[in-house]
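Handing you this structure, nothing more for now.
Chain IDs A, B, C and D follow the sequence of writing; residue 1 opens each chain.
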Amino acid sequence: MSSSYGKIFKISTFGESHGAAVGVIIDGCPAGIDFDQEFIQSELDRRKPGQSRITTQRKEADEFQVLSGVFEGKTQGTPIAMMVWNGDQRSKDYSHISEQFRPSHADYTYQVKYGTRDYRGGGRSSARETVARVAAGALAKLVLRQINVEIHAYVSQVGKLKLDKPYQGLDLSKAEENAVRCPDPEIAQKMFDLIDETRKKGDSIGGVVNCVITGTPAGLGEPVFDKLHAELGKAMLSINAVKGFEYGSGFEGVEMYGSEHNDLFYDENGVVKTHTNYSGGIQGGISNGADIYFRVAFKPVATIMQDQESLDQNGNVVTVSGKGRHDPCVVPRAVPIVEGMAALVLVDALLRQRASGRLLI
Amino acid sequence: MSSSYGKIFKISTFGESHGAAVGVIIDGCPAGIDFDQEFIQSELDRRKPGQSRITTQRKEADEFQVLSGVFEGKTQGTPIAMMVWNGDQRSKDYSHISEQFRPSHADYTYQVKYGTRDYRGGGRSSARETVARVAAGALAKLVLRQINVEIHAYVSQVGKLKLDKPYQGLDLSKAEENAVRCPDPEIAQKMFDLIDETRKKGDSIGGVVNCVITGTPAGLGEPVFDKLHAELGKAMLSINAVKGFEYGSGFEGVEMYGSEHNDLFYDENGVVKTHTNYSGGIQGGISNGADIYFRVAFKPVATIMQDQESLDQNGNVVTVSGKGRHDPCVVPRAVPIVEGMAALVLVDALLRQRASGRLLI
Amino acid sequence: MSSSYGKIFKISTFGESHGAAVGVIIDGCPAGIDFDQEFIQSELDRRKPGQSRITTQRKEADEFQVLSGVFEGKTQGTPIAMMVWNGDQRSKDYSHISEQFRPSHADYTYQVKYGTRDYRGGGRSSARETVARVAAGALAKLVLRQINVEIHAYVSQVGKLKLDKPYQGLDLSKAEENAVRCPDPEIAQKMFDLIDETRKKGDSIGGVVNCVITGTPAGLGEPVFDKLHAELGKAMLSINAVKGFEYGSGFEGVEMYGSEHNDLFYDENGVVKTHTNYSGGIQGGISNGADIYFRVAFKPVATIMQDQESLDQNGNVVTVSGKGRHDPCVVPRAVPIVEGMAALVLVDALLRQRASGRLLI
Amino acid sequence: MSSSYGKIFKISTFGESHGAAVGVIIDGCPAGIDFDQEFIQSELDRRKPGQSRITTQRKEADEFQVLSGVFEGKTQGTPIAMMVWNGDQRSKDYSHISEQFRPSHADYTYQVKYGTRDYRGGGRSSARETVARVAAGALAKLVLRQINVEIHAYVSQVGKLKLDKPYQGLDLSKAEENAVRCPDPEIAQKMFDLIDETRKKGDSIGGVVNCVITGTPAGLGEPVFDKLHAELGKAMLSINAVKGFEYGSGFEGVEMYGSEHNDLFYDENGVVKTHTNYSGGIQGGISNGADIYFRVAFKPVATIMQDQESLDQNGNVVTVSGKGRHDPCVVPRAVPIVEGMAALVLVDALLRQRASGRLLI
């Protein structure tokens, strides 16, 4: 197991899908941060199930509770523990699969790795664990607020439907105005329809989440192994169902010549800027002050409402029947998770910079 | 700085492009591994400059020296230090850029982060650091040899030229037979010509490296944050010039339905297998015994032999002229680096599995 | 902050003395361990306040709750979260010291370090945090049970009253039969009287806890920096009020000659043993199979029921008056804490040995 | 293996007693530190063998070489590699013990742990590894120089001969004026004679090193597990032959009442000070600005020039004859090692404070 992330701003999560609770400890949060409880709850609300008919109908209030680390409304420099009780646990929905390996789930691999598993709702492998990430990520956003760093993620693709415009021309705030979280209302509607159709067929479909980070000071990120984009990549790839990550020019940049791809520097009132930003705001693993942007690919979720042939723990052929309540497409609810993980990466980079680099802020 | 990778099989690298030496300490290597010095040297030779006219003409013998950890031909469980002296250091090639920020290099970001930098050949940000990774990766391969895990990387794209066949139909051993390291000789020739043409124009071009790992036992990888593919992704993204990573179905998988994408299990003589492998050999972050495969995008290298406008440290507009000896396309030499990093990830996962999972092997 | 301990069997604790709860996440616990809830509770009961008139009269039921990681009575390899709600929080007892620096407490240093502090009962610096350690340590004992390792700590000194006998001649099980936890009933009574007398004077007094570990297989402990005794030392020194640590011959061994101090090997039915054990069961940082034993010095606790001159946050001279409910001597309740920390160190060493050493068990 | 120490200022050492070289990588050193090569060499000279007739006659020039991380006389924020070639390797002195377990050495435990060992001079378990610590520690001292922190260690006991005066009354600079490194010339002479006598008998004897750190700002040290004194204790206990550690009042403090032991605060021109310093400059694991002082117990070294009965790897009874060149008492040469490790602990604490605490300096 490895349920912690971060070197300085370190989070440790716990909890299974149908256990008593899910939660997180954040160790290394600076003292004196305003603990804006409402904001944290609002982030959890963005992730919570049941927001529209295209997300799972599982009912979870997902109201979080603070157990430590906050006193008189401020962080204390001590570990902050946050927790959400698991409410609507229809564990019986899962008893029929207690010995079955659901296709493309983690049932088989957990069984091999540990010799046991909590089969209810996928146990620890369930995306329910991301409640803890969103809570911790919200706290990280509160830290970033102090230096005016903002993070906006949005859905840019569902199945073959793409929002093929550069983020600069979009009003990203519109993403929160529809159930899909795509900032273009028209495409959002088409995506909604596609997801809804998919849902009715008992199937699932993939998607892409884009993320843009503005206001990052130059100098964040540790060279060599912990490059800023390597940390972002790892953080994103650790989210359930993610299959790919690219930043800046990404896979398309491969087709370019260096003479096109290089971002030329210029001076704007004493600030070093670049004419283009194929670098995605990161050079040599360190932020250069430009916008950081990246894309995250999510596969179609493995749980579908159709019969599938599979095996049980004894090697018998079985039919896995889809039950339970699930998302036909994860990207709308993945948006706050992507943002939260990005915030965690940035705050950790910020504190590591303070530890061994020059003091930038 | 963060110049170490791995939790159990932990490597720490050091060295600047034009410093005295580059090297690595590997801590946590099990005792009793045959230290096949020739094999390690042969891996370094695959990475070394000057292999053909499409790679940099910098001359480095890159003969490594072992300083510790090996006794009577075997690893001892103690730290293994390996080192390569830097030979052909034409530092003067760089004096003209001592105060200039080369576009899309790490000059500017290092300067901001540390308030100083070794400008000679990019100093620590140079890909010369990967000598250390390849040496350590070769040792990791020697560990994997014991359990018959094999890693094959190859070039699948240069600019817009793509090798668009699934790896299963390729003879991957052919990749080593040409300078590009593409297993299809015809496409390899076209890629060679494109790189050579690019070189003559004083330009550079991007490419993609694919990697296939066979023989991995099921059960490797730590759930939640250190998922096997998240570690692979971070390791790849930490390599110089990498812009993207995808595994299994990757970005294309986004367009599929769950009913197509799910890999159905079947039993083959008591071994659990899957009919398809969109999962890329990893489910829930843990290997399932199938082939692991992934793709890595490399941008066109930033150093080109053309004049570019830029800034110096004082904010003055300057012209950066390409000098020095550089690769017009990094992917041919990146192949052993990708393999080496993959080997490091797998050995670390293997030892972590021993630490807290079931003993699988 | 650094609220985690262990590399593989890693615990992260949270909670302030008068916050909502104290608790711990254990990440890296092997799957399949019988989660003996009663045993864990019984360990917490050994630590809890109010056991006799010589311990603090604060009332805490200290009943713990499991939030994750256990399914059908077994650990799952996933993080185990355990929590105890803080009950009897008479925070008002502390309002008078909200701005005062109590002598030899952490009030001043926390204030300097963080610029803020939860002054109620010492907040995070309170020994209440050790509830989490004892719970985690009890789980570690359950792991050690599987390989028959046993840990026995006991009080060997209170003030100037010493139990000056080697542990081999003592019946350590008797330690639990009296309130002081000293295995010699006569000396235990004297110690009890001394503590009680001290309590009546509103004063406090120091003591020493000895610890003996039997059944450790040879080969545990990592050489160089994480030597087994270095880890034990750090773990003990991290307990509130500890001022010193020695193992084996300790400070007295300094006075010996090598020819006396060396432990000569002999063979007993194929098992390598030593005639003497000045090494304390550890050689070169690695266990040799003999009993591990060490001693831990605890200072007189800082809270006393007498007036003391001090400063407040503004530099004004103030009189600190002892209120609240406190232990006049911590060693009786420190016994399970010492044992728990020792168990954590051993299990971590055991799992690290599996990771990169030979498989011993 | 665990050959690294530190969270931010992280050192990784390598090298066996009779291997090619010993060395260290320091990762996380801030950029811009003056790399005073002469000073570092002078620290290595304080540790090197052959300084007087009471230290081992092994001849090692111990001249170090910098391989990376320093450019134009300044640290660059990149990993600093330093190395010393092993010169006078009389490996043949050891061939007779290749299969023998020397009493109270690490021969047996390494053999069990790894199934192999470099028997020459103890291999990795040799105190020769401390060359690397002293080099790294010297660099740490250069960092501390910037904030006027000074570290002075000295010998306070050899066998039963004690320097029983508080450090405040001593002129610690005198410690470097004699071969024993005891600041009281008379007692130093007696200690010298005792060690020399012991040497002539082919025996060895233990000793104690005291250490005083002045100028530490208040606020360093991380609460809970990584308390400043817990880190100091671990660092000291990781040094070869150490059996005990105590700080401030230490084991003697046990006998005191809280009313005597508490250090009362007072204000001296706006600076918070304490009348007494039983706390040893650390409260709640965090420095309070007063002098930090501690004591470290070293056992008599295991190598003696007398015949001892033992076992070989096959369980046969053998006679181990002392050969080679060894120190009859380690404490004189341990002084710079203790100082170096203390410096490493303090710099790491300083950088961790920058990372997550208030900025103090």
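Simple rule for what comes next: contacts are C-beta pairs under 8 Å (C-beta built on N, C-alpha and C of every residue); 3 or more make two chains touch, one makes a residue touch a chain.
As the structure is a computational prediction, the values presented were derived from the model and not from experiment.
By the document's definition of touch, common neighbours of chain A and chain C comprise B, D. Among the remaining chains, C is positioned farthest from chain B, on the basis of C-alpha centroids. With centres taken as mean Cα positions, chain B sits 26 Å from chain A. We define each chain's centre as the mean of its Cα atoms; on that basis chain B and chain D are separated by 39 Å. Distance from the chain B centre to the chain C centre is 46 Å, each centre being the mean of its Cα atoms.
Shared interface positions of chain C, i.e. residues touching 2 or more other chains, are given as 1-4, 7, 13, 28, 31, 77-78, 113-115, 124, 223, 352, 356-358.
By the touch rule above, chain B contacts chain C in their complex via residues 7-9, 28-31, 77-78, 223, 351-352, 354-359. On the chain C side of its complex with chain D, the touching residues are 1-5, 7, 13, 101, 103-106, 108-110, 112-115, 124-125, 129, 157, 159-160, 198, 203-208, 218-219, 221-227, 229-231, 233-235, 237-238, 243-251, 253-267, 270, 272, 274, 278-280, 283-288, 297-304, 306, 308-311, 315, 317, 352-353, 356-358, 360.
Residue ranges of chain C in contact with chain A, taken from their complex: 1-4, 10, 12-16, 19-23, 25, 27-28, 31-32, 65-69, 71, 74, 76-81, 83, 113-118, 123-124.
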